[in-house]
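Shown below is the structure under consideration.
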Amino acid sequence: MTEPVIDVRGITKAFGGLVASDDITLNLRPGEIHALIGPNGAGKSTLIAQIAGALRPDRGQVRLNGQDVTALDTPARARRGLGRTFQISSLAMDYTVLQNAMIGALGRRGDVMRFLRPVMRDTALCEAAETALDQVGLSEFRALRTAELSHGQRRQLELAVALTLTPRAFVMDEPMAGLGAEGSKRLITFLSDLRARTPILLVEHDMDAVFALADRISVLVGGRIIATGPVTEIRANPEVRRAYLGEDAQP
Amino acid sequence: MSLILLVEQALNGLQLGVMLFLMAAGLTLIFGVMGLINLAHGSLYMVGAFAAAAVAGLTGSFLLALVASLAAAALAGVIVEITVIRRLYDRDHLDQVLATFALILIFSEGTRWLYGSVPLYLDRPEWLSGTVTLPLGIEYSAYRLALIGAGLAVAAGLFWMIARTRLGIQIRAGENDREMIGALGVNISGLYTLVFALGSALAGLAGALIGAIQSVQVGMGEPVLILAFVVIVIGGIGSIKGALVGAILVGMTDTLGRVLLPQAFALFMDASSATTAGSALASMAIYLLMAGVLLFRPKGLFGGATA
Amino acid sequence: MRRERVLNAALLLGLLAIPLWAWIVDEPFTITLVTRAVILAIAGIGLNVALGLGGLVSLGHAAFFGLGGYAMGILAYHAQTYTPLIEMPLLIEGTKSMPVIWLVAIAVSALAALAIGALSLRTTGVYFIMITLAFGQMFYYFAISWPAYGGEDGLSIYVRNGVAGLNTMDPLTFFAICYALLLLVLFIVSRLAASPFGLMLGAARQNPARVEAVGQAPYRLYLTAFVISGAITGLAGALFADLNRFVSPVMLSWQTSGEIMVFVILGGVGRVFGPVAGAALFIALEHWLGGLSDYWHIYLGAILLGVVLFARGGIYGLIAGREVAHD
């Protein structure tokens, strides 16, 4: 069996008395989309923060491509190939769309400490940025200030920046939110193709998207993974139905 | 050095500390509740001192002078809160810094225009002008001792107010969640004005009390303001307890440093260079203390505990 | 965009034309006034690297301005008294050479910025403001209590320092030197703003989490910007001290930090040329309002308040529009 790209082993995180992550084990294999679902307050954000490096687990290990990265911070994990998109768009709002994509391409290449060469005339970087914008369908807006983008367009740009990183694994936090029916459909097609290149750990509330995309689903409730398995298995799991799906899928 | 001198200097340090607390408590409350950094807090300190000096000059009563310092600083606070500060709550820190820097310019030059550049003197009251004999036979200034007492009493009152009164509950709610107090039906705008006036009054009182030790002059507020910032950085922002501990640490370090460091240097160098090096280092002592705290507790000794 | 370029050009031409005109009609005082504006503009450009590009609200830049000033004062003092600066472990003499003094000023203030920045940048927001202000004050009190170089009274030097055999005591010559340095600093900072570093620094200002997610550490970017910023302001300090042939703790005071920030704001934060406009306006106000009233700081305060509350983009915002240029 191939080695998982992201391998979370028994991580636990408590805030005071509240156990937000309770001995969570979860992995992401090459070529798959692994969806993480769960009701609000289940601890999804805390888990993502520990995988991305913003939070340290109290116990347990996070491994990336077979390396233990538990002690590394967010930038170091990003440099080791973790590409993340945020739940709330996290962009440089005063920059143009192209400039935001350039940030990703430049971060990927790493030669940031250059002080006198005009960055926007760096053809290699521009090409990488343009390619990513093209993939998400934002090319025509490249010169627009990011603050002027619609909510859905910002989500697309968020994805484009992650694409410029050419990561080994994606962690996407609700990429469908606010996209609308048409946008969601396009994104589903796009992500479905993307997985062959780069596996995706997908946190998503949109159950249609989850069922359409996921190879495996993990259900997080109250800080614990109560089930992991293929879509059909999760749909049929009585515990999941009771704890989560039975309550009617969350919007 | 004698024990008596050491105790005396420690009392001086405590006295500086409690006065710094009066400044720092207002600053930290205003930051905690409204998220505002107020550089003009030193101006309110100056307003209090000038009001006290003016009223003492007219009436000869020190107590009336203190009342005047509280009233004038609170009034000045309310006026600037309503006209300027209110517009800054939603702004970024840069705008707050600049606007309150502008207020310093206006306050300082306005005061210079009214009173001129010659320092005023505020006499301490006759009934506190002598010394008292403490245990160990230490003779200590009655006025300074009264300052320590008054400062500690105000600190106790402040802790009581925040822990026990309606206003205190609103302040704590405001520090935790600004939107929540609106939802609770509290008149936010009134609360903000009140908190600002309270902070201003504390600063004005400190100005008057210190004004009787030092001279009352334009520009007296800013050095104290910067010391109060050091106090807040050390204590942790938004924490009244941190402000008290930080203030006493800063007061002690500064006062004792000025006495002890030159003597310590004298152990291994000649007297005059020891005085030079010792006082130069002493002038930096509290900033080095701050740097040390930053290395180990970037959020201050009591900061980040509320989150 | 275009209006901004026109304004840039007009500013540079104006700053050149006024001293030339003053030289023709023989008004050396006016030349000195413009020289002051040029030097303060450099100080503001320095601060703007931290403040405008990096979003770091430093209220301690007087430390770098003053250190630059003292670098000049101390080196020139030892040169004019023929006493060595250091004898052990190696002999270092003072100097009257401007380029050497500039380099020392830049190095000393960059080092100080590295130390202050490394500590202060462990925090953010309002902490950072208070800490930079406090560290600035530390240098002020140190200068006052250290008697070797004049303490509170400061240090005077008899003759301006020299460069390339020029007569630097001639106001126009000294102006030309400062103006050339202004152009150089403007060129460097413009390139910096458009460089890979500038792009990433601006991103860190707007959204540190974004920068981390692309694999870069905001702290390193901020600290680098702070050091460059301090170094430029330090150079301005050396020039300012040379202009006055005098350096004192006033250069290190918190008011100086506030004033440097005022140049940046009056001109327009984040515009490379903003501090040039701001410093020119400041000097003009000081000159005109100072002539009208001894208490001109009241008017300055009112104007600053008006700009902050109602015209946040400063002069550049009013004339060239709110949009900050991207190319």
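In this document, chain identifiers A, B and C correspond to the written order of the chains, with residue numbering beginning at 1 in each.
Basically, a contact is a pair of C-beta atoms (placed from the backbone, for glycine too) under 8 Å apart; a residue touches a chain by one contact, two chains touch by 3 or more.
Going by UniProt, the chains are A = Amino acid/amide ABC transporter ATP-binding protein 1, HAAT family; B = Amino acid/amide ABC transporter membrane protein 1, HAAT family; C = Amino acid/amide ABC transporter membrane protein 2, HAAT family.
Quick caveat: nothing in here was measured; it's all calculated off a predicted structure.
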### Task
Figure out the least number of contact steps between chain A and chain C, where 1 means they touch directly.
1
### Query
Centre-to-centre on C-alpha atoms, which chain is most distant from chain B?
A
### Intercentroid distance (Cα basis), chain C paired with chain A, Å
44
## Note on the structure
Between the Cα centroids of chain B and chain C the separation in whole angstrom comes to 31
### Centroid distance [mean C-alpha coordinates] between chain B and chain A, Å
48
### Task
Quick one: which residues in chain C touch 2 or more of the other chains?
none
### chain B to chain C touching residues, read off their complex
31, 37, 84, 87, 93-95, 97-99, 101-106, 108-110, 112-113, 222-223, 226, 229-230, 232-233, 237, 276, 279-280, 282-284, 287, 290-291, 294-295, 298-299
### Task
Using the touch definition up top, name the residues of chain C that touch chain A in the complex.
188, 191-192, 194-200, 202-203, 206-207, 209-217, 221, 224, 323-324, 326-327
### Message
For the complex, give me every residue of chain C touching chain B.
### Response
51, 57, 59, 119-120, 122-123, 125-127, 129-131, 133-135, 137-138, 141-142, 144-148, 254, 258, 261-262, 265, 269, 295-298, 300-302, 304-305, 307-309, 312
### Summary
Within the complex, chain C is touched by chain A residues 52-53, 73-76, 78-79, 83-84, 86, 90-96, 99-100, 102-104, 106-108, 110-120, 122, 145, 161-162, 164-165
